[in-house]
Each structure stands twice: as structure tokens, then as C-alpha cells.
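Chain IDs A, B, C and D follow the sequence of writing; residue 1 opens each chain.
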């Protein structure tokens, strides 16, 4: 019998992406959809591209009977997530797509999000949702914290290298090209088509980007000592896709070998032949990650490129992958669709 | 046991789209891929977005053992298609995506394509592939001729109205906004990003567009007398999506009722509530068609809008839908994926 | 000595476009800039692309000393314009870019804008700003009402034909592809890059678009009897450019000859050779209009295509052209820059 | 009397951009246009956006009477340029937009362009066209070699720092986002709209990009010792604009002060306030460069961002700026147009 799924924050892009993916998932059924501001509306009104589906109307969270829910995806903004999740019944497994449960240290949370953490106890039980590196804990977890989309892209590029001691952890520079859907659906002047299309600019520069908290946490853990990378995101005139360039100091051949070995058995991670580079167009709309390694002309320098779709593998696809594990379903179920190109 | 599929012309966009769709089809297996110019290459080289799939390398058509093939998708250019298809063994069912077998009258073919038809006999056995209107014949056919993507969009908007005698067949104007992937993958100056992006212009104006042959054929058949519409396509700075506006003379309410009735049971065609309009963004990457009907301020005038993805429902998705019927599989198998938005 | 210019509503796109054009105008100087919500900010903060210019900071309208102003461009929203303009001192010439003074009949204004006209007396003295057709009155006017960008595009295509009695005025259909900057800079969900890019959809359908008031007024005047066209705009995934297709009943050769004659001496209007079609990419960022005429396959049917940049010739460029006339300057001064392609 | 200008290679994007700029230049007149493949065509046929201009038709180079030419812009591909330029009469000043005369050392040329230099003698007299740093020599030169667009962007970011000894020249990483018009107008599959739009990928990675020759030459000269930077370009789904991020080791405050000082008097270079970042949208279609400096969280680390329009300041605008100097005209003549936004 299909697992009953609830989605909180269903009127945003990650909510819509979850529904897109679940709509062809053989073992899941969307049982409840919540979106406070748009409660009472049908999904066809909020997202006409989903009008062919037989979906429940949007309700307010408190209207949901969680007694019948097996797993709840929480796609609310940060802070909102912290307030809702502690109130959910014990029997409901939770995949949170917000930033609220990603950082183990409440002080780090406050540092990057500017507000004290409201569910410190619950934080302790949360598992960081980078599936390929926390598969075991995720399968046993009640609460999984989905990673930041940029963090996932960078961590796929760096974790095997840091764990393997293959690069200088004191000199890592990440340059990331990020599609605009990562900024969500809220109407802001700088996200208008007229402001963005055909142009590009860096944002959250100077170490201010919140995903740095995740980088610091995961890379320091992997290295066994504090690691603080340098990270610059650039907003792209595109809707889906993150392309990451990790500038590292290490041997390119050894780095490529380590990446190939680390991901050899991974269903969603493709390590390209040495010297080849990925494109966001080649992972779009899919759960796949393409990784390329290039030797720079400077001795002992290499660049690791990674591309994924921020709404799929970077967010809702990763969330579904984790949900599959939590529910004892095959990890890839409902996630093997090929990228949409062109 | 999965049906064995061959795709000829696999290095083009419709070929890639067929592989994308078949890659999650439970009853089909890609057994052979041909692309003369790129024979010898792997699909990962030609289409990196498909690199995760275990696909046969590209070969030349004559290298394929058609004895083991159940159905062959022919995604070659017109004329090339006519030369290859007659040579395929009797046992192989064929879905042709080119224009070669769409027109019943060889004279019409020569008029629009500027070259005599080379397989007049075979033409007689071909069924026009507009699934929703030729379902029965398609299920029994050996050769199905996929429709033009623009023709499909317009015919979905007009056929129920012409059959129902609801509009003035002497005064039909179609204005169609067409994405550039419909022009294929060949490198031409006017298809460069620098030439196309952020701009738009009409093309094949003055009744020169080849799909007019299909409109004339199907609408005249439906009306029982010759019908010649007026058609203007405009090239869009976008990759997927056709938006059609059909300006007709008839009663909007009756038109909407007829559309709703005609497509009530259709799994892929969504008729929007009266007065609502479709967007190409809401069908992108899917096999769905969204249709809207609007009453104009002039008495007895209405506009029918239709949107579909030219590579999916307009071409490869339609082809797979027809192949399902020809192979006795459920018509919607492998085609229920939701549109990709944003 | 340079003419002193004030711009009200300088924080919007038409305001920025006016400044772009005036920045290289030899006989004008920006003396005052107003934008109530952003009063106190510098233009470099509001529009970084203008940071190289030495411009006055944004102030509130009441802070402007109009005694030193020769001409005021009013780029406020409709209704706001009506409230401000009557209060400007007699000596100040005014070019209004809003819809407030375009319609001679206050009842028509109320019908399309849903609110009674607040400056009926002043309306009587306003001249409709379609330069090529009202040049004489504009040169003498104190208040010129800039046209709607869509109205301008359509009127350039139709006025010579209606005046010449060359087409059936009872059967005119306009299909217009409109760039998103025409919707202004306000942050609305449906104008986000994620919602718009790579897609297209009709809007203000069924005779609801406000520019119909201008079409009705000007075409009826030209025809000498009531003319009500059918008009459907489609929103484009592009920032600048309107492409209009006017579907008319008349002789294509006669229509082309009439257009060529009507615009033979016009500095900004280019009538293409018979059968050729315009592209928005070829007028972008300029004050030029490209017009093409095509004969349809149906006898006595033709299509007139027109392309212009909605922010330049459709709005701010037209406004500057009119201001030149009002100030006794050469009409083309500061407006001869070539389109930006690619 | 206006200076007579010839443009060789007028059918490409840099040729068209030169004509766009010269069309409003008060002291220059286009006297001859050459484009071998398109000889005999009018510019209106090759570039419809220039159809309003009264321009000479395209001819073959040998048809030009150089006796009446004051200055010749050579916008031919590299190698072609070397063959033509030596044959031009002594009296003609030349601005070459190709790569042929940028590198002082023929061995470096052969290394990066894979073919021996054919005009070694002439190379000696060529001046590198980075106006802001070679102003004096350019004014006296007969042959000026326009810089690579990426090289210009990076050198504006780095030269003042290297000259000032403010950064570690052994550890400079450039990540550059490059618009596609830089790849020219030739029809190649990977430049199609369908292949590029909405996606991004690195190219010429691993120290293979040809502009590295210019970086090495100019930065080593400035440093007084060999400097070899690390450079990764990424192709953007946009037509105009280069955004460069230079990751350097040095004191951000000192770097910002040095940049502000170096460019204080420059008419086209805007150094933003400390911590602010540029966007390509804010320089588009103009000759301006916007530069921003950001302090990274790692001590002694900073990032310098620069944005310019590759076709204007990166190529044709720079060429015109140099031509003005060579002809004794004001350096900024015909180049002060504001960026086109949105």
C-alpha cells in the first residue's frame, strides 16, 4: 500500500518539484498539501503545470490529520520550519528542506541565520541529508535535514578529497554559478526577468553566504580539524542548475582517481573522464550529478567541476531519495528520469 | 519481455527525446541506435545528458539487425526517411517522425516539399499519427506518420470545431509561437544563441510553411469540403513549447463546450475553464496539451489557445504514445511524467 | 543653453530609459529627478548602470523648483499622473508617459481604467503623442500624452491603411508579442525570471487590454466611423521588443505601397521590401520601427508586421522625440543611436 | 572633415558593433566595408539592424581604395589578419581586433595559436591596445593590437595590483563568466540557442585558453618577473558581458585604495565603493567597466570583480577609443552612450 505523504509549504518551487517527482512514484501518494497563504486554493490554481494530477487542495497545517501520514516533507522557510516540526506526532517521519536542522551547533545557526535556534533538543536527533555520505543514519532517522543546494554541490566535489587528505584544506576556493530558482518564488525586484535575464552578478560575497555553515561543519568533520573555505556564488540568468568550480591544491590524477573510486557505485553521481567538464544543461530536471576534474597548468593545482539541478538533486530530489531510505523503499525509486535536454 | 526498439537518426533532438522517454518505460528497451554521420560514437559523447544510461553505441543503419527489432522510430530528415523505410523488414513496426508519410496525396507532398514522393505505394498504408483522432487505425498500423508539431497544436484546437460545424471554415487564422528546438540541431547562423535570444520574428510567412499541407488535408477531411487556413509561425527565444492562437468565427460558449466534450476522456489533453489561457511553461517536458477558449469582444468571434511541448507531445511523446498502441501496451505507459516547472 | 528637464517617476524603467537617452542629448540637461518611494537615494543606487553620470539625487515631487524647469517628463503610474500634472506651473511643458491623457473621452477612460478621470478639463488640451501623425499639434502643445507601447506598434501598422480605405475595418485582428519590461519594475510573482523565462502565454485576452481604448479612438477617427479591432497580446520571455502581426483583409501590394508612401520621409520608420519581415532584435535599444507586409495565400488577405522597442520608440524615445518638437529642437536629436545587436 | 574609415571583416559581430558606434561618431565616416564571403551584399542584408544607415555595400578587400582611407579596423579572424595587414599602404593607420599582433614574442604566439607568426617584423611595431595602460604609445602608433576581451577584463582587475606589489603573483586565480557573442557569428552546434540557453559550462580549461598568452605577457611585464595565472572561463547563456572574479592574496583595503587611485581619472572605469559588486547588466552595450573589491573571510584574501561588455569595451569600443587617440580626436568621442538596461 502506498505511503501517505504530506507536504508543508506546497506553494513554493521545492514543493512543486516534490509533487512532480512523487506523481510518478509507484509507492507514494500525496495525502495532504499545506500552504498557509494559499490555503483553500487548488494546486491547479497555484501551479497550473500540475493540473492533470488528482491532488488534495491546499490547507492550513493545523487542518492536516497527521495520524494518517507516513512521511512529511517540510518545505517551509527557515525559522517557520523550527516552529512546526516539533509539533508533529512522533509517528511521522520528517524530511525538512529548510536550513533549520542542518547545523549541529546552535551557535553556528545563530551566527549565519541571525536568530537563536528554537528547537535545540530536536536538532540533536536530526541527520544531515547528504545521502551519499549519511545513507546509514538517514535510513534510521526520524528527522532528516535536507542540505543547501550549493552546499551539496560543493561537498560532492570536496568531501572525498578532504577525507583522503588529497588537497590543501587551507586553500580551497569555490566559485559557484547558481540558477535563480534557488532564491524561491517570492516576488522581489532583483529576481524579476527584466533585472536578471542576460546578465550575471555575484551575491552574498565576502563569506556571508549561509551555506558556509554547512561547508565548515562537514569539511571540518571530514578533515578532523577546522576547515574554512572561500566561497563566491554568482546568480545566473537561468532557472535550474548549479555549476561549481572548486579550485584546489593537489594532484589532479590522484584527485580524479579518488572521485572515481568514491562514486563508483553511486546511482546518481557520474564522474566524467579526466579533463572533461560538466554542464548544467546535462543534468537539468534530473537527480544526477556530473563531476569533472581538470589539471591546471600550475604544478599541484587542480579544479573540480560539479553540476546538478538545484531543485532536484540539490533539494527535492535529494529529499525524495532520503524519504525512500527512511521508508525502506529502493533509494532510486521515482528518481531515474533522464535530464531534459534541450 | 521488453519490446526491442531501434531509433534511426538518434543524434538529433527528437532521437534524444525518445531515449529520454524510453529510459523509464517499463516495457521497452533500446536495442539499436543509428546516426550515419556520428556512427561509432557513444551516446554519452553525442548527448552527455544521457551518459547514465546503458545504451548501444551509434551505428550505421545497415549495421542494425532488424530481425530482433519489434518497433523502429525513424527520426531522420524528410526524403531520407522515404529511402530507408521501404527497406525495413515486414515484421518491424515503424513510427516515422519525418514529414515523408504525413500527406496522403503525393502531389501535395511535392508541392510543399519540392521533390517527388519516392514511396507512393507505402504512403497508402501509412496512418496519420494524431493519436486522439486516429487511435483505432494506429493500433492496427504497421507504419504511422508522426504529425508536424505545429500541425498537431493547431489540429487539437480546430478539429472538434470543424467536425462540429461550429466555426466558419473560410476564415480561420492561426498565429503560432514556436520554440527553436523544432528547427533541429543543425548548425545554422539564424539559430545561434546570439541571433535568437531575447528576440522574435515571423518565418515561413505567406502560406509557405510546410505544415499547411497537413492542415489542409485533415481540416478538409473533417469539414467534408476544402479548407485552407491562414497560418503564421513566429520563432521564439525558447527551446521547447508551441503556443497557438486560433482566431475563429463562432460562438465561444459552444466552442468551449465542444472542446470539453471532445477531450473529456483524453489522458493528455486538458481543456481549461472558459476564459482561462495556457502557457508553454506549464506543459514543458511533458506529453500534456493545455487548451483555453476565450470569447472576443466582437460578436461571434472566439480564440482557441493551445500549448504543448514540440519535442514531447508534438513529436517524440506522440510517437511513443502511438508505439504503445501499436505494440498493444497501455497508451499512456512511460508518458505520465509531470511538466518541469520552473 | 541646454533645456532644463525634470523627470517624475525616475525609478522606473521608462524613467531610466529617458535618462539613458538624455545623457547624450546635446541640448538637454537633467535638472531634477523625483521618485517618492526612493526619494533621498542616488540614481547610482537605484540604477547602477547610470552611475557614471552626474545626476541629481532623487527627491519628492514637491521638492522640485519647477520655476527653473523647461520640460517635465511624467513617468508616473496612471491616476498618479492625473493628480500631479494639473499642479505644475503653466510655464512647464509636459510629456506624460502614463495612460491618463491618451483618451479624449473621459467615459472611455473610466471604462478601461475603472476609475473616473480626475482632470477632465486638462484632458481637452492634451495631444495624443503619436509623433508621425500629430507632429504639428505636438510642436504647439503644452501637454502631450505618450501613447501606449502596444497602441503605437499597432497604429503604425494600421493608420495608413484605414485612412486610405485599403482594408476591411470590420475585420482586423492584432496578435502582439510583448516584452516584459512593458509591465514595469514592480515586483510581481508572474514577472519573476523563474516564471517567465523560456515560456509564453497570452494575457489581457478577450478585449480587456487597456490599449484598446487608444486603438478604438485613433482608428475610428481615421476611418470616420467606429472601428473596433480584435487584439491579443502574448507576454514574451524577453525584456525589450514588441512584434505585432496585423491580420487584415485588403490587397497586399496596395497595402505595401501605401505604407512605403506614408513613411517615405520618416526618419525612424523603415518599411521593408515586400514580403520581408521584421525582428525585434533589429530595433532593440533604438527608436526605429521596422514594418513588413506579406501577402497571404487567401485572396485579398495580407499581414502587416511591425517591430519596435517598447521602452524606446514605444515609450521614452517617443517621449523625447515629442519633447524635441515641443522645445523647437530637431526632432531626431539624441535619438539616432543604432540598435544593439546582438 | 570626417576621418575616412574602412572596416575589414564587417560581417561579424565586432564589425557590426564598430558600425553601431561609428554611426553616431561626429568625426568618422564609414568609407569602405569588406567581407569576402559576403562581398556584394548590402549591410541591410547582412545586419538588418543597420538598415537605416547609408553605408557602402560589402566588397572584397582588394576592391578597397586605401588611398582615401585614414584608418582601417581589421576585424578578421587571426592568421587572416596577419596576411592582410602587411599589405596595407603606409599611410593607413590600423587597429587590429584579432589576436595576431597582441603577443610580442612570436614563440608565444605559435604556442597558443598553433601556427608560426607570419609578420614578425610588423609585430615589433604593434602596440598592445589596452588604452588605459598604453595611451601614449597608442596615440603615436600606426598599428594597434586590440586586446582579447577576457584579457582586458582580467588585466583591468590585476595590473594596478601587480604593479603596486599588492598581491601574491604566484597565486592568482581568475574565474570568468563569458557571454557567447565572444565566440563570434560562425554557425557551430555548441553555439546554438538550443544548446546554450539556460545552461552554463566551463571551456578551454586547464590553461588552454589563448588569452593566457596576453595575461602572461602583460602581468610578467608589470611584475618584473614571470607571472602565470590560473584562468577558467565559463560560457554564459547571454550575448554580451564578461564578469570576472579575480581571487587574490593581499589586503582588500589596500587593493581597493589602489584600484580607486589607478582609475580615478579614467572616463570609462568605475571603481565601486568597497564591498560592492558589479553586474554585466549594468555595462551592457556601453564602453564602461565596473570594478568591485571584496574582503574574503580568510585573512589576507580578497576578490576583485570586473564587468564589461565584451563587444564594446572588450573589443569594438576599445578599438574606437584607440582610433580616437591615433587620429588626434578626443578619446571618449562617440563612446559615452549609457548602458542599455533592462
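One rule holds in what follows: contacts are C-beta pairs under 8 Å (C-beta built on N, C-alpha and C of every residue); 3 or more make two chains touch, one makes a residue touch a chain.
What you are looking at is a predicted structure, and each value in this text was computed from that prediction instead of being measured.
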{"item": "Chain at maximum distance from chain B, centres defined as averaged CA atoms", "value": "D"}
{"item": "Chain pair with more C-beta contacts, A-B versus A-C", "value": "A-B"}
{"item": "Approximate Å spacing (C-alpha centroids) for the pair chain B, chain C", "value": "39"}
{"item": "Inter-centroid spacing, chain B versus chain A (mean Cα positions, whole Å)", "value": "36"}
{"item": "Separation of mean Cα positions, chain C and chain A [Å, integer]", "value": "45"}
{"item": "Residues of chain D engaged with two or more neighbouring chains", "value": "13, 181, 194-198, 237-240, 278-279, 281-282, 284, 342"}
{"item": "Contact footprint of chain C on chain B as seen in their complex", "value": "173, 175, 177, 194-203, 205-207, 212, 228, 230, 232, 234, 236-241, 243, 245, 247, 275, 277-282, 284, 294-298, 301, 303, 305, 307, 342"}
{"item": "Chain C-touching residues of chain A, taken from the complex the two chains share", "value": "13, 180-181, 185-189, 191-198, 237-239"}
{"item": "Complex contact set, residues of chain D against chain C", "value": "13, 16, 19-20, 23-24, 47-53, 181, 197-198, 239-240, 268, 270, 278-279, 281-286, 288, 290, 311, 336-342"}
